[in-house]
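A, B, C and D label the chains in the order they appear, each numbered from 1.
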Amino acid sequence: MPDKPRHDDRLTLESLNSLDRDDFIACLGDVYEHSPWVAGAAFERKPFASVTALHAAMQAVVAEAPVDARLDLLRAHPDLAGKAAVAGELTADSSVEQASAGLDRLTAEEMARFQMLNGAYRTRYGFPFIMAVRHADKARILAAYEGRLGHEPATEIAAALAEVGKIAWMRLLAKIVPVPSGRLTTHVLCTATGRPAAGLPIDLFRIDADGVRRLLGHFVTNADGRLDAPALAGNELEPGVYEWLFEAGVYFARAGQATDAPPFLDRIPLRFAIANPEAHYHVPLLLSPWAYSTYRGS
Amino acid sequence: MPDKPRHDDRLTLESLNSLDRDDFIACLGDVYEHSPWVAGAAFERKPFASVTALHAAMQAVVAEAPVDARLDLLRAHPDLAGKAAVAGELTADSSVEQASAGLDRLTAEEMARFQMLNGAYRTRYGFPFIMAVRHADKARILAAYEGRLGHEPATEIAAALAEVGKIAWMRLLAKIVPVPSGRLTTHVLCTATGRPAAGLPIDLFRIDADGVRRLLGHFVTNADGRLDAPALAGNELEPGVYEWLFEAGVYFARAGQATDAPPFLDRIPLRFAIANPEAHYHVPLLLSPWAYSTYRGS
Amino acid sequence: MPDKPRHDDRLTLESLNSLDRDDFIACLGDVYEHSPWVAGAAFERKPFASVTALHAAMQAVVAEAPVDARLDLLRAHPDLAGKAAVAGELTADSSVEQASAGLDRLTAEEMARFQMLNGAYRTRYGFPFIMAVRHADKARILAAYEGRLGHEPATEIAAALAEVGKIAWMRLLAKIVPVPSGRLTTHVLCTATGRPAAGLPIDLFRIDADGVRRLLGHFVTNADGRLDAPALAGNELEPGVYEWLFEAGVYFARAGQATDAPPFLDRIPLRFAIANPEAHYHVPLLLSPWAYSTYRGS
Amino acid sequence: MPDKPRHDDRLTLESLNSLDRDDFIACLGDVYEHSPWVAGAAFERKPFASVTALHAAMQAVVAEAPVDARLDLLRAHPDLAGKAAVAGELTADSSVEQASAGLDRLTAEEMARFQMLNGAYRTRYGFPFIMAVRHADKARILAAYEGRLGHEPATEIAAALAEVGKIAWMRLLAKIVPVPSGRLTTHVLCTATGRPAAGLPIDLFRIDADGVRRLLGHFVTNADGRLDAPALAGNELEPGVYEWLFEAGVYFARAGQATDAPPFLDRIPLRFAIANPEAHYHVPLLLSPWAYSTYRGS
């Protein structure tokens, strides 16, 4: 299943902003599981300049709702790999999301383990375990059960609502065309010499859900260690996993910097995900022949 | 061509240390190209406790030799992709090394470019361009020409002798069994919480010259964020390219740390090379959900 | 006011562990403000091997208490700079703590601002603003009001209980002698060369609450870039603010590493606090002539 | 002695560029010790758009000079703390520079040590030990002797010429008004949250040669974690030592980030030097409650 919906299936923000209340709820009512009241209250906050702003408005509706309404929202979710899934009674979104994480292909033993964890979780907190699983796998989901079962109830309510927010975000991106404000940039600085790393070749790959790597482009840093233009911009910036491959060995060879044979660092892969196609992702590299670091910059 | 010679072809240090002068030179005379005097002088510094110590002794012989002897050593090397290569007149070692970097399969145009660069280099410095190319490729070699042609002559003599030292190192490793003192370790610290990252799964791969990845082992960090034992030790530590794959997403899920969906950092590959199988390679990860760094530690 | 209580005023863990229930509560009943039930329940978890373990036990009592008991605990605290302070009705501990942060010397205008913020906070959450202020100042306290007034109620309850835990920690350290398991260590690695930074001089200072710096010792890194022994160990490790001063310029000069004049980095101060005298503080430096980083290690 | 010459004593680049050859040499002939030929050859490369460009041109003259001329340049320098100093026969520049480092106030024992090292160095390399000492002290100078006495002769010639270049740079800055292109900027990113650290107060100090700290300004980061304008710009950017003091504790309190009591990191001093007043110094902070790093950025 591709991460990228066909654009023509999605509504523009302009169209969304022009919907009347009923159509707005018809469109966004299922973004929060069985809880169209969130869309209903968000309608009052129109218009929305971006999917980011729309999501923030819907999250604010949830945050400002009474405690009981928030707990009801949590309780409206199905169990992961639970009876509803087995009986084919999930919402369409939930069904696709659980399948993405492989939860529709569990062994009997794995299924039993999930049932046991679901039971323990529900007993402890009074609502089902909720997790944005579209990009996760069994190891990540089991780790999350383990971690979250140790939470204080108040902490866990916040954690569960954060997952609800992530699920809503991904559902919104499947329905609404994001504005083309996003971009991906980088910058390479040599910390051994205190200078921008100029002339460093970089490949950019996209890593699909099935692990296939697609080369998206080839770049070379300019005199300031940057690219002359964003590596991706606007609607090229699809949510998903990417990888820079920095040809540090070429840079060190040209700069005449001493390295071992083979050099300790040569081709440096840097894997990261883009979650918000409307945002700026600055993913730089601080580099020496013996060390490097990276971070989400701004 | 595998990086790893069959061990039975190689001499132990014990055997090497017991050789008489003629056999010692017969064995190591071609470690420095057409310059058996280096082995001859190193013989006086027996015995050697490690290949590292043997290499240091041979490099000291070169460093302490008169300037003219050092220049003669440089001049004893063949051109890369030069006439000797074309005529099949390289030493056996040089022939294998140049083929490793693909220099035996150049197009006519590439061959012409190398000849031109060789000529420019030799004109500027009075000796041939020397580079430890076994782990390099055309892009790295061309980058090195470019960088080194800009050097001051004195700087370039030092750079060329450093490459001679790297070539000698790799030739020694093909002849002598290293002592099993080496080891590969790691340590994962979470900089968002100031605590060791416990329970983080890690895969270790070896990346062969042809790009094939082989899984060497699967590890999980202990309560101190370390492995209970080195990931590789002794003669498991072959020179070559390796990759850690840190399952940071599993750790964040268990620790309940907030991330995006998909998480900005999830599977973190960390590619590095081991050049000296007798050394300790500590290759740690400092990690937060939004940043990481690594370095050659101790 | 010194951070360090006179040791003879404090109980040893051995003595504490031998107290009967009434004496135990008499000793520790006021560690949680007006809430001796925490000490009472913690008594059942005797013996305690360290102040760290005692504090963890008391925090677990709070975490496992019913929601209402936890809210009562929060409500048992006085306002910062509130009416109780003005009327001299604070507990002895609270009085000292508020004075440490300068809250007993507010101008009328500042006092009015605190009253306003206290009111806004209490209205929003139903309990007083609580903060471990012993090491804070007005800027930090006002920043905390601002940040915490933006929290969801559930998040803010957790934040307030975390502050209660910090206050309890400092009150425990004033009553019980910690075990001498703590130590302060460092490690300097040169990321420009991939080697330990040997022979680097380091001064260690303690910075008192009044800003006075006292030199505690002078150290030099060994061949592995470490100190031969902890810089502080056991009861030398008092809670408070410390500063390493790394003489990186001396190291660069000896290593012959190129720098500017004056060098971009020369004397590198690294200021950090020790909160737990029973813990290991590893505070290393990753260093090049143009970059450095540090972290709480393990 | 202030680092900053009075501006009216210095020539503008416009004036310098209009000088005839004799006046140009009269002005800059002593920038390279007893070697006015450097200025003479640099005259041919007029005009100069900046002191940086002028210095680069003079350094290129040296780099392109015959080996013997370069060695003569090295030999034209006096010993540090040598006979010329004792006899009062230094050039005016050398005299001031050596006094800056305290070399005019050595004890007899220290003087003997310097003489011994000078002798050893001169015997090994055939020219005197040269070092840009204006910002150094005895510890740094002795460390440099130690490191540089271990060099290969070719390496040491390069190291000595690099010091000559630094001395020339500082002499040029004392004679010519730099262009006002320099600026000092910062950026604070929170690596625990992947967001710019907004609202973080920062003080900037200048640290004079005598250790006195002068507050130059108080700043607060904006929503992007940056300052709205450079902290210093143009002729405010004098060579010397500076210190940012980042009020991380205020930021953490406002952001509601969990810390210890006292917080591991609170006030973070970051000391660095500006060597080139025409350059951009970007000195950022990557920050979490448990780790930070900095680097010379671009």
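Assume a contact is a pair of C-beta atoms (placed from the backbone, for glycine too) under 8 Å apart; a residue touches a chain by one contact, two chains touch by 3 or more.
Being a predicted model, the structure only gives us computed values, none of them experimental.
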Labels of chains that are neighbours to chain A and to chain B: C, D
Of all other chains, the one whose Cα centre sits farthest from chain B: C
Comparison of B-C and B-D (more C-beta pairs in contact): B-D
Repeated interface matching A-B, over half of the contact pairs identical, chosen among C-D, A-C or A-D: C-D
Chain B-chain C separation of Cα centroids, rounded to whole Å: 46
Approximate Å spacing (C-alpha centroids) for the pair chain B, chain D: 36
Residues of chain B whose C-beta touches two or more other chains: 155, 191, 194, 264, 286, 290-291, 293, 295-296
List of chain B residues in touch with chain D within their complex: 63, 152, 154-155, 157-158, 191-194, 264, 286, 288-291, 293
List of chain B residues in touch with chain A within their complex: 132, 134-136, 139-141, 143-144, 146-148, 150-151, 155, 159, 162, 166-167, 169-170, 199, 201, 239-241, 247, 249-251, 253-256, 258, 260-269, 271-273, 275-276, 286, 290-296
List of chain B residues in touch with chain C within their complex: 187, 189, 191, 194-196, 224-225, 286, 293, 295-298
